[in-house]
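After this come two complexes, each holding chain A, first together with chain B and then together with chain C.
The block that comes next holds the complex of A and B.
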């Protein structure tokens, strides 16, 4: 046994990259002439400083985790879903449309929020599945199609809140903002504590259950094996009786469903009214989370928490200590580049020798 | 549409298409050789930032242009190192670089300009070529452009000729279609690919400086706002050919110009539809609706030798 096998590079690299990025962030704060003490105390205030901050950070992590879980599922089949942003946008838009539909708020048994949430999931599944269909039937690279679909979805949301005939709130004056009406109370996600001072939604337990389900699906189920077979060698998988086309479509649809669900959770859990660009950046952050996780559910959870708190802390640093949130972006960029650069190389080296 | 409005529309279509054109043709060169630079957006943004800061600090837009190129080249060099030496996933590293550049330029912009944001930055003057500029109605509206527009046209024509008629064109094609054969012929795939990525960085930097000191004479945070992705979409829509890529850029540029023109003409077309159109067209293209797409066979796959 040599030193190399003691620490798995799969785990060591993301951790090292995250630590290095935090160091770089600290150095940047100092180099830009901000007080490190102020920056750190604002960071703490914005993450674990109050029940409210903690709840907001957790809600953010839930969105990242959902997108990240979808990403690793598709990735198991050799697919890279970069369309989280668009899937969130579609999910949020459809959730708003359904929640604002006449009569939905009056539904009993929690259907008032379950129905829009399910619709959001389906919308995301359709948006992701579309890329899967193209991959299976025309051979379109899913990276390009999901990226283009993201732009289309983001502008669909923009368009839908520009027109009163679609989702824009009735224009009562020239100052009426281009956004939808807030969704009715009954359609909003219930809070775990029931207390608005600590607004953790039921999205959190939902994400935990889905994460456990995903871990079982990926490691213990026939479908998980099928995904891996198609991902490793489509030709051999087809010979072994796994249909390539349907596996690709289903994998992309599930990845999209997770993105759509994340959009629904965002809209019904914290945003309440649909605004242009409401998904801004969440999908790409979720993609980064999925990437950092390197295929493991535990990794998704860890990375989602890291990024959720990092983002919240970053926003708080900007408000409290004047440190631009762009600092967090620099850190994220460093992490992605380092992990993608180092890990891929190690993987391939390992598999080739 | 009156003649005058049409001339203005034509002029602004050209102006809006130029940054896309420079970036897309640069990206086309890389993709011909089998490299997909998702970091095109980041390279453009770095160029736009360097150009603006350089022009502001030196007072000379020409020096700004050089500084813009010098700012974008490290991004391209990093992409080349990740792609060729580390054989990393090109898409993922590209997206990572975009996040990194967006964060760094925003930070640096705030640091340098601080409260003095929105300060006017010296930019290139507009210029009309002789004869063409004298054409009635169109001369003024269409041909009065900064010299970079004319330089871009020359660059694009030169690249088209090089790709079509020279050994360099064949070498790039080999690197993108069948890298092993290129290697057997005694050329290094890795070196060729380092070269094309740096070249893409150069053109992306020109495209970026066009945005900041050619068009609006200022820098805003994240000002490329997806133009890099749009340029990649143009290459796809252009089916990896120079002519069709150029056409795609002009279609995308016109769609953007229409956003400003249609309200002036009293037509009520949803704004979102026009902004979305380039992406929608590119999507239809990759979906195989407009004929079969033939990407270079080795596109985005690392070369292991």
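The block that comes next holds the complex of A and C.
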């Protein structure tokens, strides 16, 4: 093995592209007259500067990873699930409703949080599966249906916290915010360390296990084969006995389940009470994570970490150095374009030789 | 046999002046050399046939002349001056026109509108163009209704539109890339007549083909390509067919399978035995296609109460011009579409409306006409494609046993002579012949196979692969499997089938024994004169 093949261009080039984009972002910070030192130190503070910052960043990455894993599964079957946002919203809403349900907090053996988490997963599955059924039955493009279903879900959350009859906390004064009561302690996700100063939840090991499971499912299982066959050539796959309709519904339901689970993890692990707009774009960022991963589980993990830490660092830069969020978004966009462009370039080079 | 006569001056001046000369023309695609140092001279007033199997470099040569690709080495001269087209536009300006294998017509536009596409500006003079079309039609015997919608025309008529498009430019060189593959016997004859007229007016015609009957009938000269090199040339091709074929397929004709020879168009040659006379086997009925109709989403009747019964061990040839319902029938038999009327009965079991898996379970195997869309998944590997419908046999606890599948794939590749770097090779990277053999391997080894549909099974394959496909079909028939051979090549149907049914506008319009003396009767039925 010579030095040229030690680092594969498939890995090195996207990484270099990301680094280049970060440098470009740094120049932008300078050009806009912010202190680079302040910006960088707040970025470090917000990402790896403390156990707390690290934990929060990891929790964010978990959400991105879950949505991204669902995305690449559906994508294997040739489906593009852009409905992560709605699936998160449904998951979070159902998780809150179940967790606040009388008696759930008293359930033994961790069921207090497992039950709302499972309910969130099922809610996401239903939301994603609905798009699958529409596709299989009447041929509705899943890009359109999942996107529109997301709007419905986000506004359902909004509606559910407007009325006390639904999830809004009891009105004690005119200043009572339109949000749900906080979920009981027992229904919150346990922390890995048990120490609130380092609040990494069990969402992290759960995501790791699911990522490994997903890798096996996609590459080794017959179901993974079926997804790939249907995705690459639906007609030939149908002819070979793989039913198109059920494959599409199941794939979309699983993708939705991952989104719903992500919503449950957000609500029970971080936010604790349901607010309007609580999904705040995680679903769309998760979609980008899935796209950047280009079908690989490792890619999802890498992109999820990148996004989780970028988002944390960005928030911290805004608070610590006054760098506007918009700039952080620009940097995120630059990275996406650079990495995706590098991938495109690698593909073209690969297909030409 | 490999001798390539040098271009001597005597060679050049027989009929007309040298129009286009190729010298040392070479084209590489990556590591693959598609053309290597080719010298050919094309003369005004002549039909020059380019012969060769698939992948021999015929299309590459045409594309170099038409400016689609640039050569890596060598030169071209046109009327003695260097000719270096940067693109098809240059070629057209230089008076070179080409009819491609795939038509580039807008179906929803009229014939005249298609002719005007890209050639007119401002106010459209449809009448003027229609008059020009009529004049050309009379001159060359190419009749076309100027205001007919192209989508309503037959394949042969569409090709006429393409040819007229070229002729309107008054080309000095007309290239036709395998123009006869999609035509009826009658249409082939009239196309060759057009070529002769174009040549008689002083233009050169390059006719790419692999059918020998056409060379016998029309060629003034012929050049045979194999693996990118000129391996034979002839100034009197009609008298040296056997020499040309030998050069083309690089083997002696004695060993050539009689059926294949007949399909190639070799006849009355001492070296080739006549195809065996086929007697219809006397087995039980296997598949009944019982009054099957199919209406498409536009309400057009694609299959019209089509009835056909196949016996065990029988090969039925379904002859017909493409587009008369063969594709629709193929989809129905694969379980990919459901008839709007009638029944499909297999061994007494009604399969109408059942899933593709039920069809496979009932013993139906399909070699589909569209290998890339229906038959296989190009981006999966060979083994995965060979067991596409049998993945369950390789699954333990939900996990695919890749090792076992790989080994079983290697075994099938050996048995069916599928040549690839291994079972892990990407299916789409295989040659057409090997792809087809892999599909046949899958379908023929399905447990409980009783019926095989082979739709256009040899299209685009070279002679060796064609022979292998016929061999496999005949073996299946000998095993008692009923075979329906759908083909638009009448020679193929006559050579392989026990009996011939003719499909026209979605109906079986007649049946004939599969004998060469039935050729004209079948041809007439294919054209709708039943």
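Quick note on the criterion: the second predicted complex is superposed on the first by the 318 of 353 C-alpha atoms of A that agree within 3 Å, B and C clash if a C-alpha of one lies under 4 Å from a C-alpha of the other, contacts with A are read in each partner's own complex, and residues count from 1 in each chain.
One rule holds in what follows: a contact is a pair of C-beta atoms (placed from the backbone, for glycine too) under 8 Å apart; a residue touches a chain by one contact, two chains touch by 3 or more.
Bear in mind that the values here come from a model prediction, so they are computed numbers and not experimental data.
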- Of the partners chain B and chain C, which touch A:101 in the superposed model: first, second, both, neither? neither
- Task: Please indicate which partner A:158 is in contact with in the superposed arrangement: first for chain B, second for chain C, both, or neither.
- Result: first
- In the superposed arrangement, which partner chain does A:223 touch: chain B (first), chain C (second), both, or neither? second
- Partner chain in contact with A:238 - chain B first, chain C second, else both or neither: second
- Message: Looking only at contacts as defined up top, I'd like to know whether chain B or chain C touches more of chain A.
- Response: B
- Query: Thinking of the overlay built on chain A, is A:140 touched by chain B (first), by chain C (second), by both, or by neither?
  - Reply: first
- Can you check the complex and tell me which residues of chain C touch chain A? 30, 334-336, 355-357, 360, 366, 368, 373-380, 384, 388-389, 391-392, 394-395, 398-400, 402
- Message: Under the definition above, what is the set of chain B residues touching chain A in their complex?
- Response: 78, 82, 86-89, 91-93, 95-104, 106-107, 110-111, 221, 226, 229, 232-233, 236, 270-273, 275-276, 279-280, 282-283, 286-288, 293, 295, 300, 302, 304
- Note on the structure: Counting only contacts in the complex, chain A reaches chain C at residues 216, 220-226, 228-229, 232-233, 235-241, 243, 353
- chain B contact footprint on chain A (complex, rising order): 28, 32, 80, 82, 134, 138, 140-141, 143-145, 147-149, 151-152, 155-156, 158-160, 162-163, 284, 287-288, 291, 324, 326-337, 340-342, 344-345, 348, 352
